[in-house]
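Input: structures, listed below.
Okay, so chain A shows up in both of these, paired with chain B first and chain C after.
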Partner chain A sequence: MEIRRIQERNIAIEIKDLKYTYSKGLPYEKEALLSVDLLIYEGEAVGILGHTGSGKSTLIQHLNGILFPEQGEVKIFGEKITNDKKFLKNLRRIVGIVFQFPEDELFAETVYEDISFGPKNLGLTKEEIDERVLTSLIEVGLNENYLNRSPFSLSGGEKRRVAIACILSMRPKILVLDEPTSGLDPLGREEILKLIKKLKNDKKVTIVLVSHSMEDVLSLVDRVYILNNGKVVLQGDTVSIFKDKESIEKFDLSIPEIFLLGEELKKEGFIIKEPFRDIEIAKNEIIRNLK
Partner chain B sequence: MIGKDSLVIGQYFPGNGLLYSLDPRTKILSFLFLMIIIFLYKSVLSFIPIFIIILFFIIISKIPFKYVLKGLKPILILLIITIFFHFFFTPGETIFKIFFLKLTYEGLNKGIFIGSRLIILIMISSLLTFTTSPLELTKGLEFLTLPLEKLKFPSTEIIMMITIALRFIPVLVEEADRIIVAQVSRGASFDEGNLIKRAKSLIPILVPLFISSFRRAEELAIAMEVRCFQPGKKRTYMKRLNWKKIDTIFIIFIIIFGSIFLFIR
Partner chain C sequence: MIELKKVSFSYYLPEKIDVIKNIDLTINKGEFLIIIGRNGSGKSTLGRLISFILEPTEGEILIDNKKAKIDIDYIDIRKKVGMVFQNPDNQIVSQIVEEDVAFGLENLNYSEKEINERVNEVLNEVGLTEFRKFPPHFLSGGQRQKLAIAGILVMEPKYLVLDEPTSLLDPKGRKEVIELIKKLNKKGITIILITHRMEEAILGDRVLVLNDGEIFIQGKPEEVFVEVEKIRSVGLSPPFLTYLSYLIKKENFDIDIKLWRLEEFKKEISQLKLKI
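Moving on to the complex of A and B:
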């Protein structure tokens, strides 16, 4: 039943046999992607995992036409990505990418100016821009008092949220996040995770989460692709992937402790109905068992 | 994507061969000699043997020609303007005339002469930087400018500054690349509108780039201070320069080779 429902959904991202080499033909030539196949449905939250150098960042740069496939193809909502200027402009509206440390790309004097950069580039009217800036700012959990502040005066977590608002103001249908919680303190991390969950559940935005934080992946995404040396080596729904301890560790990844706790408790005779994806679930399950 | 491909001038091209095995001092001195001597040449014919030997060096170092041509690209406009002015604005015997432009024999001669000199200059300097890593290059320069310390010239400090600058060029290029990619994803475009609009479109790249450079500079300063770096103090090196017989032979060969063609008129 579950599987059939998924199949009826639109395909958001379809990648077939994608290959990409950096500095092709030079001595520094580096094959980043060998052959990647990937399928993501509309409204899904999918994680792309892999340790450093596995090709994650190269892969996501193909999603909005920053890099073009050397071989194979990338389709967004059924349309093949081409080098056409108009197409790319539209594509970058549909696919929003929040790169690693996005706060490094803030440049304007005020938060308003920075967030309005994207909508301005889309050629919207002043009213539409104002409206979008404010709603995106509220979406990321900040308020209008921030509009006239300098982005450089904010805290790390706030900066990150403003940077995400910069992308949200383009109203993307697909949101790609590259290590959205890295370098943040625990509180900042918690806020970002909450924000992504909200986007997924309320706005039905398709989420692609690139991360090597297994905790983030476990608590956020439905399905996982694991990349290793430019190839997809493992894929499946998040819970069953994490159950396969041997394979996970083979690719230098680890299983979150909270998940392991659930598995251990099951062995001890606890009746676990829902796998431990975050603290909240774990708490409820343990309390229910102890009653 | 944008920066990496365009920054060829002064880029090291890893490989091996005669030029790679020479001491950086040898390469600096002999190429410097060649660059000076071609200014003394009187005839375009003298450039031919120099050009041939440069091609020979490029071939034995296995540097692709595409790469060499890319290095020439930045001076293309300068080259065209120079040649154009010499062609049409040198007084002399007219070959033909379009409006006020007169192509003269003397101009043709001079244009070709100066144009090829410019090309050879760039090729020699690229040959040096293609086959010598920036670190080797600065080490060689440091050694060569050391005698100037006696004249109160802050050689080691300046070389340290150059080393740091060179070290951070690829870092900055990568950083710029990263920022460009991110801003393009936010809908920025750099090739639309008039000149002012284009210049303005660079702000979203330059501001973050400056901020990160300042941050890097500060971090580096702290790291150096923590390691007790003091300007002007004598330091030791892990890798020492080492002058071999082949270096002496090479330098003598280049001096003789370059001087012979001085006498062609």
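Moving on to the complex of A and C:
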């Protein structure tokens, strides 16, 4: 039954035999992706893991036509990505990419100007633009008091949220995030994780998360793909991947302590119904066992 | 010993913004000091003051009991204090690993023989000997950060300030860099580590929590992190087992709030269960 339910879902991203080489034909050419196959369903949250240089960034740049396949194809909601201008314009509305340290891309004098930049280029009316700016700002947990502030007067976590609001104002159906919590303080990190969970649960946005933080991966995504030397070397649901100690070690990843705690308590005879993916779950599971 | 005496630092943009406010701080020789604080608390500015990249707008900084001024004592300071940043790529200057390590010494006109010896020694120390002829971009993130550290180590500093050196690295790279930092501290180099990762913060002899340009609390990790509410009130969070013990205690269970190790915590929880 479970399998049939999944099959009925729309495919958001389909990648077949994707190959990409940097500086092809030059003496220092580098094969970043050798042959990648990947399938992500609408509404799923999927993590892409792998050590530095494994091809993660190259891969996500194929999702909205920043890079084009040297071989193979990338389909978004069934449509093959080509370098047709009109197609790309539409594609970039559907796929929003939040790059690493997105706050570095803030450029305007006010938060309003920054967030409205995208919607303005869609040719919307002033009312529609204002509505989108405000909605996006509220989605990231800020409010209208921020509209006239300079992005540079905000804290690191706030800046990051404004940068994410810039992408959300395009109403993407697929949101790709590259290391969204790196460099944030612990509470800033908790806020960003909450925001991404909300987008997934309430707005049914498909999430692609690239991260070195195993804690973020564990708490956010349903499935993971592990890249190594330009190939997918392992894929599976998040919980079974973290249970697979051998593979975790082989691919230089690490198991979050919180997850280990859940597994260890199970061995001690605790009845653990839900794997420990975040501290809230851990607390609830432990307390239920203590009552 | 590095001593900060009533040190303040302000930017003028053009209105005055006080980033560091009247801080007194003594960093002892051989210490492993951790600096944590939310984004915008002034951590990086404090790190740059300690490493004499910035000069205080008020107050003074003494190094080994001597007042030091960046413009006058530049070379002297640079031989004593080194700084490593978040992104190693901003700190790597050469196209070949060994040349990058040699850069600082070349600028100080050391002889080729001496440069060679020191470079050999440092590459061995950070574990990059086999990559000495490689271009830096062939290295992994963790290896590149170790190369950035090597470029500082070659100057034989007594004090090493590291500003979030692992935040861009993958788990393996993080581990490698932290192991290296621990090793350097054991060898006697004073470490000042700025970090957002609590599993790194507990490694220090002392943790200093910075908030809004002031020292909020400081002490041994096991003293500081049990102040869960205080810590969370300034945008931080204790290591997760400490926080979890706090949450469980809040539900009226009899458990200590402390820096737990996984094994201990598991036993404690199992015993709690037996009592019921």
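In this text, the second predicted complex is superposed on the first by the 291 of 291 C-alpha atoms of A that agree within 3 Å, B and C clash if a C-alpha of one lies under 4 Å from a C-alpha of the other, contacts with A are read in each partner's own complex, and residues count from 1 in each chain.
Methods note: contacts are C-beta pairs under 8 Å (C-beta built on N, C-alpha and C of every residue); 3 or more make two chains touch, one makes a residue touch a chain.
Everything numeric here is computed off the predicted structure, so don't read it as measured data.
A.B. asks: Looking only at contacts as defined up top, I'd like to know whether chain B or chain C touches more of chain A.
C.D. replies: C
A.B. asks: What is the contact status of A:N64 with respect to chain B (first) and chain C (second): first, second, both, or neither?
C.D. replies: first
A.B. asks: For A:I167, decide between first (touching chain B), second (touching chain C), both and neither.
C.D. replies: first
A.B. asks: A:N90 contacts which: chain B (first), chain C (second), both, neither?
C.D. replies: After superposition on chain A, A:N90 lies in contact with neither partner.
A.B. asks: For A:P102 in the superposed arrangement: first (chain B), second (chain C), both or neither?
C.D. replies: So A:P102 only meets chain B here.
A.B. asks: By the touch definition at the top of the document, which applies to A:N229: first (chain B), second (chain C), both, or neither?
C.D. replies: Neither partner.
A.B. asks: In the overlay, answer first, second, both or neither for which of chain B and chain C A:T110 touches.
C.D. replies: In the superposition, A:T110 contacts neither chain B nor chain C.
A.B. asks: Of the two partner chains, chain B (first) and chain C (second), which one does A:I286 touch, if any: first, second, both, or neither?
C.D. replies: It touches chain C, and chain B stays clear.
A.B. asks: Chain A residues touched by both chain B and chain C?
C.D. replies: Looking at chain A, the two contact sets are disjoint.
A.B. asks: Okay, in this complex, where on chain B does chain A touch?
C.D. replies: Residue positions touching the partner: 1, 4, 13-15, 64, 67, 178-179, 181-189, 203-204, 207-208, 211-212.
A.B. asks: Residues of chain A touching chain B in their complex?
C.D. replies: 23, 25-28, 61, 64, 66-67, 89, 92-93, 96-97, 99, 102, 104-108, 117-118, 120-122, 152, 166-167, 170
A.B. asks: Using the touch definition from the top, list the residues of chain A that touch chain C in their complex.
C.D. replies: Those residues of chain A that touch chain C are 50-53, 155-157, 179, 182-190, 212, 214, 252-254, 257-258, 260-261, 264-265, 268, 270, 279, 282-283, 286-287, 289-291.
A.B. asks: Within the complex, which stretch of chain C touches chain A?
C.D. replies: The touching residues are 37-40, 86, 140-142, 164, 167-175, 196, 198-199, 232, 235-237, 240-241, 243-244, 247-248, 251, 253, 262, 265-266, 269-270, 272-273, 276.
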